[in-house]
Each structure stands twice: as structure tokens, then as C-alpha cells.
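Letters A, B, C and D mark the chains in the order given here, with residues in each chain numbered from 1 onward.
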């Protein structure tokens, strides 16, 4: 289930901050038409941190209904503690998700034994497979590579999504999980070709909302062993990834600017109606949106008919 | 409303992880008898990150009912984004809280303009006063002192709880908020006398669960200008604060060990029935609990009749 | 030997980057006239990181000659490894220093056992007393409070200079070193009154170059138990310390801006001839220097006759 | 000049901590026999932070004499400030180095404009080419990719050695320096194949002391476009790199353990006589050295005849 290009979907919003389900359906269709292999709803890119539980449910149900079983739908169950995650995961299951994606506990720092217990408790309590999500920039903690390998071998986790940017650690995860059947996915937009060369099973790129065709080409090239083609595609996508730097919000606001830029790009391509972000995230200004449009043009991306 | 000793209450649990309301009532009574000036439910110490929404509500209602208006009850509305915080805050208001305590957004890093918008939106939407909670160790972001001063002067926030450990910054907050009427509370267990000397309005000490009488004495001494007495009390409390080091859980698990230790101490003193922590947090081992009991004895703290 | 106000002297420079010995003599005299209790040559404030060995020697000899035994002269022996520090320390001894000030090894991170060995080897090889200098912002490592206490009790170190900004840790150092005879000095410009209230033996303030009289008054008030007077002086000095923010060089360039500001202030007060900084450090611009002059005026500091 | 495998040489020591020149000659010969393309003396791996100036000179002269012009010899000129670096660089030139390797200023944090000035001043003052060395773990500052590109285009720097572990940034350096003629070298032991795939000109691996043949094979395979062979070699070398974890010295002491392990491995292979490290760095224990020997055996590395 855990392979290929699995974009973490943006959550389009109406002017009053509700989920724009029509736009979300179009985005889902756009991604499916591009040939993605899975859909991840409720990731950081999907503004899960800003959405209410009700909005999370609406987004997930919309995507599940639109995907209609064509590809697996992964749902983020991102919260600070085990019981809270468990509640989210059960709601996701009820909404039709095929797997849940779970970070380490956060807000209160915990020891490694407690992180292990977190995943073991979730695995024991849930019927859905659990994907471990390593995103130290958001969580303030790097999931130890050795722990991920052990959890994979014990079938506690069914996959890993590595958004740490640390390819050395990802290699250790690949080695540790080898033979377990667990999928190893990279969350990197710009090192995806290299992660594939090292043996990744798939890619979960936020930029994949904007250019899913590019990531599908990259993935297929790498699968076919044509790393030169994968690298060429990667270069084009890396240049496009400069959209996340358009809104200069400083070191701490980097991800906020990225989320706004993905939405501005999707609106510019005509996939979603508005580029609104969920408060307190600021959308891009008009000038910033024009800069995004220029980067789209440079990458050869136009309006989607 | 925002002055004096305002302990962030532990949340006692039953063996199956539910809120032990009888123990929570006893803890509330114990703190009120000691003369605390407010009660803070749903802080980090209260394991808010581990409690479900239902458990948060139960804890808050229990304390509100027990306090019965004797002192203000502050409720943590701790979550990753503005809309989510708003929902928690409205539930807290419905449960009888007198104010809500709110951190900067977390999980997705945001720019300062977005942090400002977060507090402004909450203030505009809520009837309850908002307390800004600066806890960079948990949130990964330090609320800028200048921003806090501006929000205080604009009456957007009614108080600040500073758990940053940075007295220089706290001084800037005090200066920036001067004349605004906003209360400036320190969250430090071990620098409380110094924060009072600099002009703090109050103290929010996790250790205040265990020894509320000590912090009330420290506070009263400092208010009376007797800083030598405040310092002597502080020294005793600082020695007692070694309970948080008893469970060695490494750098990242430091707070987990502290929460377990406070509960072990409360159980040893007979205030709460069990020292269970909410999963995935590990409680202290028996040996660790004995070490806590020794530190209690050294601090002159026995069983509460 | 290790008590009172011990300013870390700026190193005035000529236009071509050589030590301006005439200005350094004036600065030394200015500090002695203000009643300081010691002089620290070759600290971070003295641009030791930018000075050649020859310039370091010149600066130290100039100060030793000018002080002429009136107060002790401490010399920084700041380098990355033990043998390198040892060579600096021997040169300092030959130049007439009364003690050497030594950080943890840096550049290559080392384990605590290696830090301990560093100080033990230096103590065994040197006749001069060794002052442990805790400055994690520069060294990337915080000297453990317990280690400092042990080294003090073992007479391996004769004093501690704490520039960590962490008063909790400083309290642990004070407790750990109690009875050893080791001096405990704070390097904080803005928490000096509080450090004194906790039992510090002295203060090593970079801002003491600019306003030594203020720090001497603060110190004397605190020694006399008049913490209200100490705090009032501290407030004035804290306002003056805003000079370090005048040159906005971002998070990483903060200390560079502070060094330039101290020199601009000394030049404005007529103590030193030029405000040049050692390359690659940039001096303040004219506009920034005017802002410094305004802060001087606000603090009641004029030209020194 | 800046391409291929350029190991940062360990500095073998005698029991009393002097440079063991006979062993250093053997190490140099061992590396040359393996076909390395350059030699880097005085890097972190060479314990430059622990060596006196005299020992640095001895090591450099020994290597220059042994290499006898067969390959370029790069010399670290690692120090905290520009003038200090300049002195080291001039000594290195006098000792016969072909280029100097220079980090950002450290100990005192500086702004980007000051880092730029640092390299510009050195370039203007030196005849030798300057290699910019990006090693944020040691220096506490990451050289901005854009700055490196600009310095390369301006011929201020002749090469970059990237030991940041950040392949995204390295890609930006490669792009920024494209066409400038500047060499782009990776310092990664474990991502070398990927860096080569992205266009690196060479590799500067500490582990290259121990297995230079392996890195030469990896490099040659990658140059020939045989990335599968490069990756297979990389996998073997990555397994061998576990030697750096044998001595568990915690997070901060990681590099100290690595340096000891490389020396233990070289001693086990019979290349150098002793595995002593320079104080305060601790050598490996006997048990740790045996673990290193086992990893050597697993990697198929025996004694060098």
C-alpha cells in the first residue's frame, strides 16, 4: 500500500475559512489524473494544525469519496498525546481512511521508551495500519532510526514517512526495516531522486500538489533505474520549489510561507478556487503570488484545463 | 485576577487512565487550604497534552466546582492552531473557567505577524480574558518580549505566564506591560524570588502542587519586601525541586520525569490516591518514588492529614 | 582575588588594526578610577578571537603595566584545545597576568570526561590560578554545574565566570562551590543584581567598560545588602545595555554588534580614540554611533574629562 | 586541483603527544599508494584544534615532503578570526601547502557581511587559493549557499568543502558555483555516492584514512557513471563508518569518539604505530579498539603489509 507518489493534499478553503469541498474534489481528481499512487490527507501541508476536528473530517471524507478506492487514502492523526491521537485515528477510520500517519508525541518532550510505547499502544488499539511520521522540524524530536527499524520488524508500524531531510538517517531506516515489508517514504521535495536511488518506496512531496506529473515521472524513472532522467526531473522540481521562499517570513515562519505558496500555485493553475490559508497563517500577497506564477511558468506549468 | 500563587494542577488518574475526580477534589482543597490565589487547570503539568477533550473538561469542571468561586480558575487552551484553540476556549468558558491560557501556535512554525494575529483573533472571538503562555521548550518558539508588551498595552492579553527561564526577557515583558494592568506571572520554580524582586505579580509553579505552603510563604514574604525570607524559602524549594531529576529520562524526557515526580510526591503525601501518568508518559518506578519521598522528608514535608 | 567588578576590557585599535596602547592605558585608568576590583584582558569583549597572539600580548602587557598591581589582572587563554590554551597561559604568565580564564575546549565537541581532563591538565601544568569560563553561546557547550562544583572543591579551578545567562545553573554552581574558596562571578550585564542577591562574588560585565561607576555602585549596594539600590542601578544599566541592539546584525551577529557598540560608546565618552573593530568585525555606522550616543545621554553618561 | 578523494589526514602521535612523523610518513604513503588525488592536513580529523602551532607545522611539512608534489596538499588554517587565520595560512604557505582551508569565523558569532569580509580579506592577502570549509557542527554557523556561490563566481574562493550533511544546500552550492571553476567537495563519509551523483568534484572523508582504496573505487565508479557500483562501495563504507559509534561519548562528544576510532583502525591495520589522541581527547579503550577491529574485519580490511 505504501509506495509511489503520495502527495499530502492542501486543504482549499472558502473565504470564511471553511473547507472548499468542490476545490478539494478538483484537487483530488487532478492528482489522480496525474497518476499518483496514494493520497495523504491531514498532513502539515494540509494545515492539519490549523483545522478543527470537524474540518479535518470534512476534508478526509471528501477525498475518500472522490478517490473511490482508486488509490489508498492516508489520514494524518497528528496530536500531542497517545489518547488524543487514538481519537483522531478512530474518526479517520470511520471516515474511510486506509491508514493513519502519526508523529512522535510533542509539546511535552518524552523519552524514547515513551515514544515506543506511543506507537505500540496505537498499534494495539487500532485496526488501521500506522505510518510513523518523522518530522523533527515540527515535533522537536527526531525519531531514532534504530527504533523505526525495530517497530517495522515488529509490525507495529507499516511504513515510515521521513521528512527529516537527513538522508543518512533515512538509509539507516531503510536498512533497519529491510525485509519487514514496511514502506519507506521520503518527504523531501528536493532529494527525492537520491532517496529513490537509496531504495525508498515512495515520495510524499508537498510540492506534488502543484506538479504531481513531475513527481510521477521522477518516480517512474527511478523505478526503471533511469536515475539520470530522475535527476533531470528533480532539477526542474527543485527550481520550482523556490516558490516556498517567495514569502520571506524568516526562519521560524518558513513552513507557513510554503503552505501559502502551494495554494497560490494551485489557484494560479486553476485547480482550486482560492488561495486562502487558515488563520493565523497568512496567505501570499498579490506580489508574492505573481512571483509564484513566474516560477510556474519557468517550470513549464500552465493552467489545468 | 492575575496575581499570587497559581499552581498548575496535576491531573490525578485512576488505574485505567480516567480522571480521578475524588483525588482532584482533594488536591484542589489542599491548594486552597494552603492559601493559593488561583488555580490553573490544563497546563503542561496537568498533562493537557495527553488528555482527551473529555478528560480536560472533566478536570476543569471538577476544579471549578470545588473552588466554588473562592479563587479564579484559569484553563489551558493549548493547541496547534487558532481555530482549535478557540474551540477549547469556548468549552472552557462553558465549564466555568475565568480565563484561558494560550501558547503561540505550534507544530507548524509561524512568523511573528501570525503569532500576533493568533492572539488578536482569539481576543476578538472570546469573552474570557486571554493569558499568553510563553513556554519555548514545549512550543519551539519564544514569544518576543516586545510583542507581549504591545499585546498587553492593547488589552489583547490580560496576563503573561513566562515559563521561558529567561529573566532578562521577563524584565522586558514587565517593562513593556507596565501600566497596562496585565499580570506578569513567572512559571519558574527556582527563580521565583528573583522574579518577584523584579516585579512579578505572581508565580505558577508546578512544584506548587507538592508544596503550596512554601510558595505562598515565598510570595507573601516577597510582597512584604522581605527578600531574605523569600530567598530562604526559595532555597528550600529549589532543593525539593530535585524531585524532577530523580527519573533520569535524558534531555528530551526531562518534563516527563517531572510530571511523574510531582504525582509520586502528591501520592506520598496522601493528597492523591495514585501516581499514574497518562500514556505514553511513564510513572516513576518504586525506587524512584522512594527517592522522591526522601526529598520530601528533607524538605520537611510529611503526609497531609 | 576573584570578587567585585572585573570588566572585560575592550581592545582599542588604530586605523590599521594595531593595538592602540595609549587608548588602552586611558581605558585602564578610567576603570581603575571608577574603583573596579580587577581587570580581565582578552575576553570575548576584548576581541580575543580576532587578535593575533602578538596583539594579545601587547594588550595584556599594557594593562598589567598600567594597573601596576593595584588590582589583579586576569588574562583570557581562549583556544580550542588544551595544549594551545597552555601556550597562551604561559605567555600570559610571562606578561604578568595574575590568573588565566579558560573555556571548555571547542570546535571539536568533547565529552564531559574530556572537559574535566582539560581543566585538570591545565591546573597541573600551570602556576597561575585557572578561572573556568562558561560561555555556551560562543563555545556551543554548557559547563555542567556539578562539574564546576567538583573542580572548585578539588582546587582545580580558582573561580568561575558564568556568562550562560542561566541563573538556575549559576545557583547550582554557587551551591556546589560553597566552602571551596572559589570565586563565583556572573558575566551578566542585566541580571547582576539578582546574581549578587544569590551570592555571587562579583560581576564581569562588558558594559562595565562604558559605565564602570554604575557597576561599582551596583556591586557596593548589593554587598551592603541594599538590593533596592542595586536594582535601581541595574535598571539604569539595563536601559543602557540597549546599545548592543543598535546595530541590527541578526541573531548570529549579536555579539559583533555589541562589541562595536561598546567601542562607539567609549569613543563617544572620550576614553578611547577610535571605535575601530578588528576585521572581520564591522564597526558601527555613523548613524548607529549617534544612537549609541543618545543612549549614553539618557543614562546620564557624558564625556570623561 | 580540487577534485577526487582528498582524505583529511589523522595526525599520529607519540606517547608524549608529539607528532609521530614516521607514522605520518607511512600514512601519507599508504594514501598515495591507494590513489588518492589530494591530501588535507590540519582538518578536524587531524586534531588541528588540539595541536600547537609547532605541531601543525611539523605535520604539514612531513606530508608535503612525503607527497613530493605527487598530489596537492591542502592545509587547514582554522582559527577564530581573520588575522589569526592569515598567520596560519602564511605559515602553511611557507611549509609548502598548495591551498588553505578556512571556516567561517567562530567563537564570536558574526553577521553574513562579516563572513564575506573574512574570505575577501584572506583572498586579497594570500597567494594561495582559499577553500571555504562549511562545518556547522564545529563552527555553529552554516555558510549560506548563496554566499558560497557568489564567492566562487568572484574567484574569492577556489573550492568548497561541505561537511554540513545537508545535500539540499550542497546542491545549491553546486548550482551557484557552476561555471566558476571552483571545486565542490563533500565531506560526507556516507552520502558520497549521492553527492557525486549530484555533481560533486570530490570527497574529503575522514574514514578515507582507514579505507582510502574504498573511497577511490567509489569515486572512480561515480566518475564513470556507474552509480550502482558507487552505491555498493558506499554501503560497505557506511557499515564500516560504525567505528565512530564504538566509543559512546554522548551527543557532544561524537567527534571525539570518531577521531579515536580512526586512529585505532589505522593502528590495527599497522599503518600508524600508536592510537594516542591529543589531550584532552581520550583514546579508545582496549575493548573499544577490539570492536573497531571487528568492524575492519567485516569490511574486509586487514593489516597493510
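Structure notes:
In this section, a contact is a pair of C-beta atoms (placed from the backbone, for glycine too) under 8 Å apart; a residue touches a chain by one contact, two chains touch by 3 or more.
If you're wondering where the values come from, they're calculated on a predicted model, not measured in any experiment.
With every chain reduced to the mean of its CA atoms, the largest distance from chain C is reached by A.
Centroids built from CA atoms put chain C at 49 Å from chain A. The distance from the centre of chain B to the centre of chain C, each centre being the mean of the chain's C-alpha atoms, comes to 37 Å. By the definition of touch given earlier, these chain pairs are in contact: A-B, A-D, B-C, C-D. On the side of chain B, the complex with chain C involves touching residues 165-168, 171, 188, 190-191, 194, 197-198, 227, 231, 238. The residues of chain D lying in touch with chain C in their complex are 17, 44, 47, 49-53, 55, 78, 80-84, 87, 105-115, 117-118, 121, 137-141, 249-250, 252-257, 259, 278-282.
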